[in-house]
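Letters A, B, C and D mark the chains in the order given here, with residues in each chain numbered from 1 onward.
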């Protein structure tokens, strides 16, 4: 389980021979490829690839990889990213009052299912302070008032910066982030929305689902962009409901969806299994 | 399987003692209740009930039921409907060019899974004429031109009237019906929409789903009202998709959903298992 | 949400007029029926019913119900049970080393989703002591050795007796209970098995599922009987897997199924929504 | 949609550099790789790969591929297979009395969803003769009597041989094939079993599912081997059922699962997306 690997993510304009060039490069430096996934988006003419390389025997490492790799990367005009599995990603969690997503993430983290460091949890309410602290994590209470919205966000940004956070999870945070915040964490803020988007974007989706009389409810995890609930979708799940279900039943059933859909997105992100291409995700799972 | 029964559907303002009154009435006339389902919509204060009564031994029949029942029905201010299982419902099917829903309904009908009479199939294109005729059903070609829309609909209404049709199935008919047509068949026109409504209402839902990058597609059957794709939902189903799926893949996968979701709605309708309460369905399945 | 109600469960040989008699009895004592569900098992000739009656206005209560009701109950030869919602059921949880089901049940209990009292948690290992205690619940460590199996069970039975436990949840307890233990809690011991029974009964189901190369895994909650993993099934759920999933992946994915399937069964049991008829359940949800 | 491609399937002992070698070979002959999927089975130490290469520009073809490729294939000790998309696979369908799977396959074939030639349909009953013939396909009636079992199978084998059939679909054929028949079509006989295997292998699975009181039913498509219902599983699907469902309801609901699960397996097989490794499938979809 603790096999040391590197995850290499690549996007570039599609052309012949990329796979051969990339896998040839790895072989040339004695790397063993454990997983190779690729996808071509024909509309965008974009080639996307993920490689997982065993570190044992690989002649490249954090120090010398880039210098060797850059020629190839330039030749194919690649956007690329490599993650070395001995580096643990740092995840901040933002919450409001609802505890289910936070409790679920913390359980997965404590039992080792989710391999991250969690330097901090912050909330605009104090409701989940105890939940955070009983897991041994610092909780920051950053209340929002009618007048302090942007000051509160600055405070939050400072906290994240100082904690050298890699990505941010909105575990039912319920607040809209400013464009500058979003720009600071491109494709690195994960939100859970409690509906099968694009249906019922915005507030109170379960109430709207109840009013509409749908026979299925859902949940959606996505990267946050500046358009509300419209960022690249990472994972979705649905379950049946019927006329006997009240709004409270939808909320209760939906919690089970939300937990699984959010933790799936977080797991995929920590494993570098997601690439974004034009507001859509390619998930190599 | 051919057990003779009557299906009694009731809606009325909620109050104490309705179930006792109704089931007492059946017992008093020596009826054996095979199934009894009820639901109270607390928001509307509406009581809804479905009874299935064995005809063997029941002292009431098509001739004398109403006269005996009307006192009770008036006392509780009921909207009600009774269907005697020896009467077969008459279903018309409207189509355009897509064959999958029509072929599926016809297969279920030929094998006895769907217990209806089908006096006619009509289409604005001639593409499915042979499919209809090879099942032994008259096909009416009623083309639509930029100028004949309302004349075409009149013709269609005449056909349905003359055929004494009980309900109409839009098996991917793709045409919007006028308010007067809809009013002539209240809660008796069933449509299949190829998305998980309310997402992607209107034309080309699979294209929109592809553009949005959803990870789940769906299909929805509903009663037609004057608002496009906004009538009471009867059944929905979903299935996962991923980045490898092209629009054509979504269309192909979606067909399997559409067939099941439409035929489910038709089966429920023929078995009088659906009640409508304020643009929502109560499905007693 | 805190509406006071009584749940009445009835099984008896099927005959005409039972629903009318029962609902007439409730109406006669001014009871308002909130929900009425019934089912007839034609193979067994058994009639099964669940009524939920509003206590507000109902002229019967815990003191006088049985004396009024017994005439009817005898007349129809009923097995029956009534639960008054102001009485909270007492649930014991037995565990071994796996924490996910216990943590999940405790979260649902702490947040009020699961309405029970939990007088005790017992385990044959000490691994989950802290989890129990941090929720404020007494943990009993009852280790099992090659020679003390029956003495350990006696101790456990004493604990449950003294705590006046209504039902027992095996949250991955992994031990087989003796026939006398099972007989003491008929239809009141709920187990979670980590496969879609009857496939992969017995130990290590995920390993067997992996070996067999199934494309779907599942979980099953059921009442415990003397035959291993063969009692009446209450709830099941499944999810897709593929060739990329290792045994560890199956175990990880399966945990999410197990939590939902077990907590569903526990919720249904606490709400008196389950009737057993010949090793099968009738679930009125 | 009619893009010309070749599908190359490879299995060999896992070692370093295979991907680079294979994709390098394709690049060297100016091939454009449209899809590349690989999987390593760590238990078997087996490397499995599927490549889809665009024929436009590729310097190899049906005539010269093998001579160029064989050096590499020998070096890595590969089992391999290439399919050129301009060659249409030839599929025989065996049936008994149930029509749903056959009708479904024929509909998919007629509409172009399933890209195969169907030289013949054979049945041990005559029930589906008309279905076959109305699709323009020759139907062979090969009845089975208590004494002719092996003679009937010889006749069937002759028919398949003369028709140069590539693979055989058992569309609810319900007969056990002899080991010599199975050996003649290794990993090329696809069966649909109407349960979620390994539960309810053998006859009458819906009856057994009903007796057991499961809450979920399923269907399984698999390659036929000499052990009944125990071959490599290709696809499975499940759906919920409840106490209201009779055996006939399970059979009806199950038909919708069977159609989708069988046609999925057939589609995957025709697209060369399935590799078998030790009685398990690797499905590159």
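Here is the rule we go by: a residue touches a chain if its C-beta (ideal position, glycine included) is under 8 Å from a C-beta of that chain, and two chains touch if they have at least 3 such contacts.
Every value quoted in this text rests on a predicted model; they were computed, and no experiment measured them.
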item	value
Reference chain A; chain at largest CA-centroid distance	B
Which of A-D and B-D has more C-beta contact pairs	A-D
Chain centre separation in whole Å, for chain B relative to chain A (CA means)	42
Centroid distance [mean C-alpha coordinates] between chain D and chain A, Å	37
Of all residues in chain C, the ones touching two or more other chains	244
Chain C-touching residues of chain D, taken from the complex the two chains share	39, 41-42, 196-200, 212-216, 218, 232-238, 242-244, 246, 279-283
Complex interface listing, chain C residues touching chain B	16-17, 19-21, 23-24, 26-28, 30-38, 40, 57, 240
Of chain A, residues touching chain C in the complex	1, 99-100, 103, 107, 111, 113, 134, 244, 248, 252, 256, 260, 285
